[in-house]
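Both complexes shown next keep chain A, but they swap its partner, so chain B is in the first and chain C is in the second.
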Partner chain A sequence: MSVGIPLEQIAVQTVNGLVNGMILALVASGLTLIFGIMDVVNFAHGDLVMLGGFVGATTMAATGNFWIALLVAAIVIAVIGAALQISTLRPLLGRDPLTTILATFGVSLVLQKYALWQWGPSARQLQEPITGRFDLFYLQYPWYRVATALLAGAIIGALWLFLKRGTYGIWIRATTQDRIMASAMGIPVPWVHTAVFAIGAAMAAASGVLFGPLGGVTQTMGADFTLRAFIVVVVGGMGNLGGSILASIFISLLEAYASLFVSPAQAVIVSFVALILTLLFRPTGLFVPTPK
Partner chain B sequence: MLSLSDIHTYYGKSHILHGVSLEVGPGEVVGLLGRNGVGKSTTLKSVVGLARPASGHVTFEGRDITGVAPHHLAGLGIAWVPEDRRIFKLLSVLENLRTGLDRAGVDDARREALLTKVYDAFPVLRERRNQAGGTLSGGEQQMLAIARAMMLEPKIILLDEPTEGLMPRMVSQIRDTIGVLHREGVAILLVEQNVPLTLEVSNRVYIMEKGVVRHQASAADLRADQSVIHQYLGV
Partner chain C sequence: MSPMSGRHSNRGYWIGFAIVLGLLTAAPTVLPPFWSRFVTEILIWGLLAMSSDILIGYTGMISFGHSAFFGLGMYGAAAALLSVKPPNLWLAILYGLVGAGAVAVFVAYFSTRLRDIYFGITTLVFSQIFYVIIFTWTDVTGGENGLNFRQPALGLLGWSTSFTPETLHWFVLAVVTLSYLLLRRITQSPFGMVLQSIRENEPRTRAIGYAVERYKIVAVMLSGLFAGLAGVLYAIQNKFAAPDFVFFLVSGEVVIFNVMGGVGTLVGPVAGAAFFLLLREGLSRYFEYYLIPVGIIFTLMVIFFPQGFLGFLRRRLNQ
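Up next is the complex of A and B:
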């Protein structure tokens, strides 16, 4: 390499970028699914990640089993998500987008303060369920990180199959494409919205638990997740599920490579550059539209 | 069976329907004629809950359905085929049909029978069942919109300008389909610009002007004496 970066470092950053990209994709898929069907940008989405992490940490402390914690967090946050949708977003459906954005900001603050009250200001670290490591050039790379990426991919794959096959997938896609015609065909649109919000919330919670052993769970972690997921949803094309997944990997790889040259904190800047360039030149998203 | 009494409907601040009253009996084909913008489509939307009347009542089989959510009306047996067809463009033809077919109480045998029925009526839909709805031609999309409504096994179909922009061959297929539905006892409220077709397939006809019903007559009387048609429609 002309700039003198060893090939090994590039390979390691590629693996890092892919792992981070898959966790981000799990968060962003929920966000883009919700946007696609309700035209609501859920600015509380990252706080559902955070809440999922805390519920996971609490469940793990009680049961000692990471996988039970993952499942319990997903279910609990799905129920909370459904309750939030029914109480806050359903009455605002079809209003000015600004109204729903402010409402989700409000929800975000409530969830953060609740977490502060319930779990306190200090970070919780979840014990990783897979402790093995393997040689990756100069590193002992944790298997858990690889497992995280695979599991996130499996959950997204399951979502894809759910949308593609079966009655409920048809209901969700029909409602996403034409809410009014869907209701005229007898599809219970308000409940489809609630179910989609619950699914998105469960995926956010799963991300929070999977991320727990890597970065810890703190009451303020949500904003960062919301921002990054929002960036990839814009870059991938609002409401475009396949585009969001590609954009998650793209942005995460970009950040990983940038951190070869600058500190990781500064590397985040490339995401914002990608966001701004996308909005300027490809406002419908970088990638070719895929079926909703 | 379906009855509108003194419906007033607004879009925002514009007053579209100024007291529309009309009736459709069981199994009856009723035409609704009028120039563009007199409120024919809004009348249909007021029935299916997409434009909520500010006053007046819509009753169906003796039950007041004014303001009932659209997704409950489909279950009561009211189907809507909108003017712009509103095919789910990214869903396959079969998935479009399944939006009306996948409901409680439809067993496998009945599903098969319903699908066979619409595929026999519109063979092109069988051929293209795995193709995205958006790839169909305008005429084929109209067939799909009607077939999709038939999946609900409705007691009444509200048909909004089904022949608009179609080739003559497609128009005659729509005419045949209306005939078949009529023989099966499905009531139809037909909004059309095509006067000869409407007079041919309907039992009775209402003529609207500026948000109210101005005239009603049997289709036979209007066929015999078209002066009223000339007066209100200028054709």
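Up next is the complex of A and C:
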């Protein structure tokens, strides 16, 4: 079977894997940011992606402009994220991290069923804002996909710059390193947590809108994204931004190549196996330096 | 505590046990058929929740993959009921336990190397692997449609009769009660004490010299076996096996049962299952999206009432 795969197909799958990997990286970097800073395992992260997609679809139906939809979705979900953090996660600060899984699991259930109630079970397809195509071997590859990957990369890059250079970014990093010391230095730690959750939620929403034209928005997509983002975050090293981005691309490429041989539903197993192998042989993550 | 007080509260415990058991035995003769069947279902989900309590409540590991054990129990029973003529109840239980046990060995070996959330995520991922396999392997598992089969007869030592709703209820009640007593005995045994000490302080337990990983593996396997037994009972009650029951939402519901009822009590999760199912039954008549209020109640309980309904009885139930 392996001899029968033409080189062009492999090349196309490589491009597909890279594009999917960048969207996944956008989801996972929000998740890893939230985990790294407040030890919160956000089970509802994929549902924020889904909610972002729906808000984007609704806005687009009203305004007809994809970029406005992207912006509106990010802002709306950031506000919802902040509200969620204040109402459910702030009271849990200092308790066993396992309780945050339970609380966010409850939130995920509510968000998912709310979306089903509000938008129904059928998928919403968003219109591509860039309709051009270019020749990639045997098919006409949409420019939009490439633009998506670049945009996702740009958002992650902006986040990285913000964390590295911005005053508030330095607050966030200080809180990650030592919550109590940061608090003693006058950094409003509870608000840093809320802000980080809002940023993570906005990034999730942006990925939902960007993914809209590719795969459509459905109320069940949240669980799928949550699971993938978890896999990526663990494979990349929990709480490590660079690691999760590399892992997103790695996992997406693996799945893209696997779908040359089996159906996409079964290709998911490849990423599951990658996760299990990582946990067994390198539980600190594949793409981080070996801890001393 | 002094032996006196222990004996005293123990008597209270057994009186309570006898009352509840009596009420559950009488249920099908008093309740209308719909509610009688409902109680049977609560018992089955209760057994599943109890099995998960061994991990959540007693060992301090949250499993998000119990649907895999439950589902494999179902499909194991289906295999026995479809391949052997006439369908045999005990063979169904045996096959179900073997199916769930095999999966449990696999999951236990890999997932117990990890702690906390990593354990949870690994169990979740494993259950999704089995879900994908069952969902896509249509030739053997029936894929999305699942498998239908006939209910086996209740046979013992040559004597045999087909199940009526009443006898099915009593059979389920007997299995669940025996499982409960067995699980209770296990949690009170030296083995159970080690599990609880892992929950309280894992590094210290290791330092004392217990092979923590081995205890965890056995705990996951035990938990998986009882979850598989629940799956067999559900398959026998409903005469089908479907991939929906392997999907991780079922695992999530099991965690909800535990938290609502009170972890570390064995009885609590059953009460949690009863509460959840009643809530669903009550709400779904008026509001299709009943999981929204259920999810809100659950989240509020995690924040404000983490010990659950029966948490206040925790010490007495474990005596």
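Worth a mention:
Basically, the second predicted complex is superposed on the first by the 286 of 292 C-alpha atoms of A that agree within 3 Å, B and C clash if a C-alpha of one lies under 4 Å from a C-alpha of the other, contacts with A are read in each partner's own complex, and residues count from 1 in each chain.
As a convention for this text, a residue touches a chain if its C-beta (ideal position, glycine included) is under 8 Å from a C-beta of that chain, and two chains touch if they have at least 3 such contacts.
What you are looking at is a predicted structure, and each value in this text was computed from that prediction instead of being measured.
On the shared subunit chain A, the superposed partners chain B and chain C are arranged side by side without overlap. Residue contacts after overlaying the shared chain place A:230 against chain C, while chain B stays out of touching range. In the superposition on chain A, no contact is made by A:257 with either chain B or chain C.
In the superposed pair of complexes, A:269 makes contact with chain C only, with no contact to chain B.
In the overlay built on the shared chain, the residue A:97 is in contact with chain C alone; chain B does not reach it.
Applying the stated contact rule after C-alpha superposition, one finds that A:280 touches chain C and leaves chain B untouched.
In the superposition on chain A, contact is made by A:41 with chain C only, not with chain B. Partner contacting the larger number of chain A residues, of chain B and chain C: C. Once the two complexes are laid on top of each other via chain A, the angle at chain A between chain B and chain C, using C-alpha centres, comes to 90°, given in steps of 10. In the superposition on chain A, contact of A:110 is made with chain C only, not with chain B.
No C-alpha atom of chain B lies closer than 14 Å to any C-alpha atom of chain C in the overlay. In the superposition on chain A, none of the residues of chain A is touched both by chain B in one structure and by chain C in the other. In the complex of the two chains, the chain A residues touching chain B come out as 167, 170-171, 173-174, 177-178, 180-190, 291-292. Contact residues on chain C toward chain A in their complex (touch as defined above): 62, 110, 113-114, 116-118, 120-122, 124-126, 128-129, 132-133, 135-136, 248-249, 252, 255-256, 259, 288-289, 291-292, 294-296, 298-299, 302-304, 306.
By the touch rule above, chain A contacts chain C in their complex via residues 41, 88, 91-92, 97-99, 101-103, 105-110, 112-114, 116-117, 223, 227, 230-231, 234, 263, 265-266, 268-269, 272, 275-276, 279-280, 283.
Remark: chain B residues 48, 50, 69-71, 73-75, 79-80, 82, 86, 88-91, 95, 98-100, 102-103, 132, 148, 152 touch chain A in the complex.
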